[in-house]
Amino acid sequence: MSIFETLESEVRSYSRGWPTVFDRAQGSWLYSEDGKPYLDFFAGAGALNYGHNHPVLKKALIDYISRDGVTHSLDMFTVAKRDFLETLNEVILQPRSMEYKVIFPGPGGANAVEAALKLARKVTGKESVINFTNAFHGMTLGALSVTGNSMKRGGAGIPLVHATPMPYDQYFDGAYPDFLYFERLLEDSGSGLNEPAAVIVETVQGEGGINAARLEWLKGLSDLCKRHNILLILDDVQMGCGRTGPFFSFEEAGIEPDMICLSKSIGGYGLPMAITLIRPDLDVWAPGEHNGTFRGISPAFVTAAEALRTYWRDDELEKSTKAKGERIGTVFNEIVEAYPESNLVAKGRGLARGLEFPSGELAGKVCAAAFDRGLLMETSGPDSEVVKLLPALTTTDDEIEKGLGIIKDSVESVLAR
Amino acid sequence: MSIFETLESEVRSYSRGWPTVFDRAQGSWLYSEDGKPYLDFFAGAGALNYGHNHPVLKKALIDYISRDGVTHSLDMFTVAKRDFLETLNEVILQPRSMEYKVIFPGPGGANAVEAALKLARKVTGKESVINFTNAFHGMTLGALSVTGNSMKRGGAGIPLVHATPMPYDQYFDGAYPDFLYFERLLEDSGSGLNEPAAVIVETVQGEGGINAARLEWLKGLSDLCKRHNILLILDDVQMGCGRTGPFFSFEEAGIEPDMICLSKSIGGYGLPMAITLIRPDLDVWAPGEHNGTFRGISPAFVTAAEALRTYWRDDELEKSTKAKGERIGTVFNEIVEAYPESNLVAKGRGLARGLEFPSGELAGKVCAAAFDRGLLMETSGPDSEVVKLLPALTTTDDEIEKGLGIIKDSVESVLAR
Amino acid sequence: MSIFETLESEVRSYSRGWPTVFDRAQGSWLYSEDGKPYLDFFAGAGALNYGHNHPVLKKALIDYISRDGVTHSLDMFTVAKRDFLETLNEVILQPRSMEYKVIFPGPGGANAVEAALKLARKVTGKESVINFTNAFHGMTLGALSVTGNSMKRGGAGIPLVHATPMPYDQYFDGAYPDFLYFERLLEDSGSGLNEPAAVIVETVQGEGGINAARLEWLKGLSDLCKRHNILLILDDVQMGCGRTGPFFSFEEAGIEPDMICLSKSIGGYGLPMAITLIRPDLDVWAPGEHNGTFRGISPAFVTAAEALRTYWRDDELEKSTKAKGERIGTVFNEIVEAYPESNLVAKGRGLARGLEFPSGELAGKVCAAAFDRGLLMETSGPDSEVVKLLPALTTTDDEIEKGLGIIKDSVESVLAR
Amino acid sequence: MSIFETLESEVRSYSRGWPTVFDRAQGSWLYSEDGKPYLDFFAGAGALNYGHNHPVLKKALIDYISRDGVTHSLDMFTVAKRDFLETLNEVILQPRSMEYKVIFPGPGGANAVEAALKLARKVTGKESVINFTNAFHGMTLGALSVTGNSMKRGGAGIPLVHATPMPYDQYFDGAYPDFLYFERLLEDSGSGLNEPAAVIVETVQGEGGINAARLEWLKGLSDLCKRHNILLILDDVQMGCGRTGPFFSFEEAGIEPDMICLSKSIGGYGLPMAITLIRPDLDVWAPGEHNGTFRGISPAFVTAAEALRTYWRDDELEKSTKAKGERIGTVFNEIVEAYPESNLVAKGRGLARGLEFPSGELAGKVCAAAFDRGLLMETSGPDSEVVKLLPALTTTDDEIEKGLGIIKDSVESVLAR
């Protein structure tokens, strides 16, 4: 491991919890260079909803590369981009009666967020944005300013201003009405709250600790935004593309965000890709006002389109995701009940699941025990106190059971000591 | 083209100058879906220094994908990343006696810049950064704040502060001493200039109009930074990886930047990838203080390592780049002389070349005429007044001549009317 | 009135509600140039706690001017300043066992606030400040950024950042625990709240609508600040100098602010003067780091010292202020009960009293009716919906009754129509 | 001096150079409590252009106080304010064909600057302001952000942004064309300079080291502002009211600023007062959008009006100021020539005069030597290297000679050692 230690910056993090060198991967399995298999319940932090190296996507990708399809194309028109746009329109947008235009904002989720924030400010002429406690939206300066984690914010080196955090759903355990403080500040012209251009929100806060907002809270937020003429930016980078069941994580809430950020699994195969969907009337950009080098990675368009065609023409994946998610939820509740003195909490929706421990130390030990047993999971939450599961949506029932068995063992090994 | 017009945001730009749908590509050639070949003298804005779909890299890429090498791996240890780090070290850093640590900051050049700015501020505890007139560093909020173009800055929707622009080399056509104003402000405790954490600079401003700083100016800047204890961030995203001849564009200036940003051609094949090189003693990040989903795209590591091995074990590419660049320079000078009344200016270094016209309108017409003749070029500069050439370094001499012929014709068609 | 209309900026405000030209003043009475007396229940917005042109202070002032005492003295040592400091120490600080150092920050209340904010940030190295809904702290950029009123904030012309508003006492009518949101954000490292250098608070929000914080809320705030190592800045510019009874408005809450801002009535006679009291260990300024021309107006020191000697050697003024305040409160409650359908609310403490109407329009009409009847009052609150009374503390019982009679008549004339 | 040392903040500065307790003052003389006279060549940093306790003003002031004229009147209409406005109009504005409206922005010069900056931003919708190297405009956050001194800027505790410093006249000793860099940045849409709302400038930088801009530079700046549609804010707080000869220091440059800030000597007697003059069409404030407690100090209006009537109905004061200034300039030049090896520089215009030493240490020693000899002067400039003279304009020729004699002795005592 020497070259990593001597040459790579200390900022690396995942490699600290999983100190092995990975080589190959297939479906829900990663293999270290010495051949040891690891069941991957983290799936690229949600970038691999269809598993590693999915054979259908792989074939399409190799075909495309083999025939010298354009690889890099800035924001030029390409056959691959056209196919992606047409498939997105036909398979995703039209069946849901959604009217949006597509920005290719750059290769990653933070680019999707930066483009949305820029456009929201440009359209409204207002500078302020509302974010939520424990939000995570990315590491570039604009995205970081709406992210909650104080350690990550501290990395900015300048004051992160222009955003005001509001309490996320259940921040006070339901003891107080939703949006109590937020709406009071908006209605009071003396409140001192700068009038916001937009609200940016995740439906389930993954990095924040697998906090799943109730659908009625999301609906309430959407209504509040409409009442106060505030744009609603839905960051579906981690929870979109089926992670909670439906393609968009907000579908069941019955809301229509003004902007939607997608990345991670939109490319299907783990290649960098992001899009920002915007209400057509908000498309006030001048040509080139937002640009970038990696906005047209055609191999990702190819696997993205193929993934949509393969999985989203019917509701099978959605149903199976919910079923598998509920199975995990059931087992997590059993674990919670098995250690009543430990005050564990089962969290999440769909295949975004969390098990909250009283401390980050305990959660970290459980993840380490799982790694030793061949299962990859990570922690999240402000104090890293939540064991976070984002298995590929294509994980089989057997794999789910295998992983849950390892989790049970790992929890027992830590809590029963 | 209908789906592009109805579904894609108006922010798209390159597709406006090149209104055709591209399908395949090979070397310096792009092919539209109806089979028309285009000689590509723009090369992904510098992301394709080794040309489109280079056969050696393509083979390594298909081999890797075929054998189910890990595609997406966050910042985990992988065989592919190790090979890239070892090759970078062996082929690039050690032969140049360069000691740096490597940050994987995210998939694009803006991520490399954001990471550098964050770290410079964190290390120094200062918030202010010096940038240069007509700089271009990216579209995310941190990178945009050090970018000069007013149209792009306007997209931010908030005041872009924390940066002060200084005159780039030759900003006054050499009439005044270098760094006259900058150093005076630094030395005067009453100047009102906030003490800067860092200077960020390009050796040749591509987007800014192919402004090539003299080597002695770069050396002077480096000396000034040392004298005043300011970190020097060298943004080699577009000009690095051999664009001007040597691997790093600053090598001939004999300077040692504190941080170096690389992206675009570092991946070799056009897949998104970026690195930030930092002086080892500046590596003060906490683990995970800067993170992101797409920091470990192993297919890009594979093509990146293969490109380094293929082209940088000797100085052949460097020499040929310089030779081809000089050939373009010679022809550009001939064009300049052929239209004395038009006040054209030939600009650039290596294979970053520009031909400045009196107006953006004229430059645009020349690019349009070239497109009609099957050649892809773009404009740059504050008023889009510079025809900008970034051909693949692997472009053959014949292709160079062919392209130059088209350029001559195109200029004639515009200026001789 | 012609010269005012032609030459004075439209920003003037009080002269719009009181469209007459005043000439002389004595005690609680102002006289227009045509000799009409006005009972002044506004007292220079709290700058005239001892009434207009108090004879004892007037004598001291004329004596000082007559004998050519230094008028303007920057921050030089003067006999007048020494007398003020000694009197402040002997009459105010020592009897209350208060240890503070005195900054002369400039002539007005906003200067006192700006100095406190600057010092709090310098001492802590943090940039963020917590203010409260409907706070008012002044019109200069630093003070304005912690002020709530959106119209006044809009005057800044730049985004006012670096401050986050928290709910003031009773913002939710007591339905939720105090500091619920504030403390949760502080304790949650993922909340996204920038760690605050200081909290700035008024004990009674005058401009905000005569909102009197409960003493236990103030105590709770002080305890919270201590728990979280946040400096507490008490802005006593309007409510200090006896306005609510005791010299400092926070005395009865039993708290010890880290910094105290005084202005308005500190000078005694209405001449501009301000001081910022700071905990001695916070006095980390370099000499001249904060300066200004009008920090040593000796005539104001003379009347300031004389006022302290005259009124604060015993508790008579405090007692009478409370008694008069309670009398007004009683009458206001009678008014509230007399118009049950109007939902009036009686507010305030000591001689800072308010009568809240359902709309700014009604409150404005009542003030206009009072002006017609020879009584000066103003409105306050986010929608100017609160009739605001700040009579001189020296107003006689007869004058109080006379004024209350006019108020009753005025309310009746507006509500009983 | 004990109470000053124990109770007053360490931020005090003038009292460090003049360690005595002053009691009385008359004309150009200050008297310590033990009766020692000091010839005052600093005159309240320009706040006492008519000397200490001028008998004519004193009489008007005592008369006004004695007859119970309103002292404190917010922004109400008063007889005293009317008289001031009429006198200002008749004696100053009309004879100069100047059309301006008057804002009463608060009691001090920083308030005048804050109001101008706020209005400039509001009118233009732009946030950025251009200031100059070594500018001084005040200590409140808005004014401080356009001030150059790094020690004072450091007191802010937050990044001071929204302003970009440009080189003041002679910043490069005349070696380069005026406004070279400034205008180039304005004309280059890729410069990265945020489009400025306004330029703020002093005609002679007092605090910055008695740097007197040439009249043609001021004219050039005004022309540049007009060409680029930038508002010109003339900060005449220290140099106005006759300090350089004419009432406004910019009169001889033949320019018409869009806004003019006056304070210090505008009140005549040293009482706090400030006004901001604005072009009538810029008067877009909403009533009360900028307010404050001390905007109507009638005693200052009384002495202000009396001073205008006494001194500005003819050009005698202007002439004598110039003559005395030239006399000082002559002597300073003699001193410069007497110590050729010391590289002294004589600076200034009118009765704002400076003698620059090679170091702040030397300048400080000269001031200390003068204090010992009974003369008050201060240092200024970024390194306190300039001995700064701002004698009252009413200083007699004999007093001028006496003071110059002391200066000569003091310089000799320091340099000839």
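Order of writing sets the labels: A, B, C and D. Residues in every chain begin at 1.
Following the convention adopted for this analysis, a residue touches a chain if its C-beta (ideal position, glycine included) is under 8 Å from a C-beta of that chain, and two chains touch if they have at least 3 such contacts.
Which chain is which protein? Per UniProt: A, B, C, D = Diaminobutyrate--2-oxoglutarate transaminase.
The structure displayed is predicted, hence computed values, not measured ones.
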Chain-contact steps, minimal, separating chain D from chain B: 1
Which of B-C and A-C has more C-beta pairs touching across its chains: A-C
Farthest chain relative to chain C (centres taken as mean CA coordinates): B
Distance from the mean Cα position of chain D to that of chain C, given in whole angstrom: 30
Where chain B and chain C are represented by their mean Cα positions, the distance between them in whole Å: 58
Centroid distance [mean C-alpha coordinates] between chain C and chain A, Å: 49
Per-residue multi-chain contacts in chain C, two or more chains: 127, 151, 158-159, 162
Contact graph of the chains (line, ring, star, complete, other): complete
Residue ranges of chain C touching chain A (in the complex, touch as defined): 127-128, 131-135, 146-151, 153, 159-165, 167, 171-172, 176, 180-181, 184-185, 188-195, 208-209, 381-383
For the chain B and chain C complex, residues of the former touching the latter: 158-159
Touch list for chain C against partner chain D, complex: 1, 3-4, 7-16, 18-26, 30, 33, 44-48, 52-53, 58, 61-62, 65-79, 81-82, 85-86, 88-89, 101-104, 106-111, 114, 117-122, 125, 127, 138-143, 145, 151-152, 154-159, 162, 197, 263-264, 269-272, 278, 283-294, 297, 299
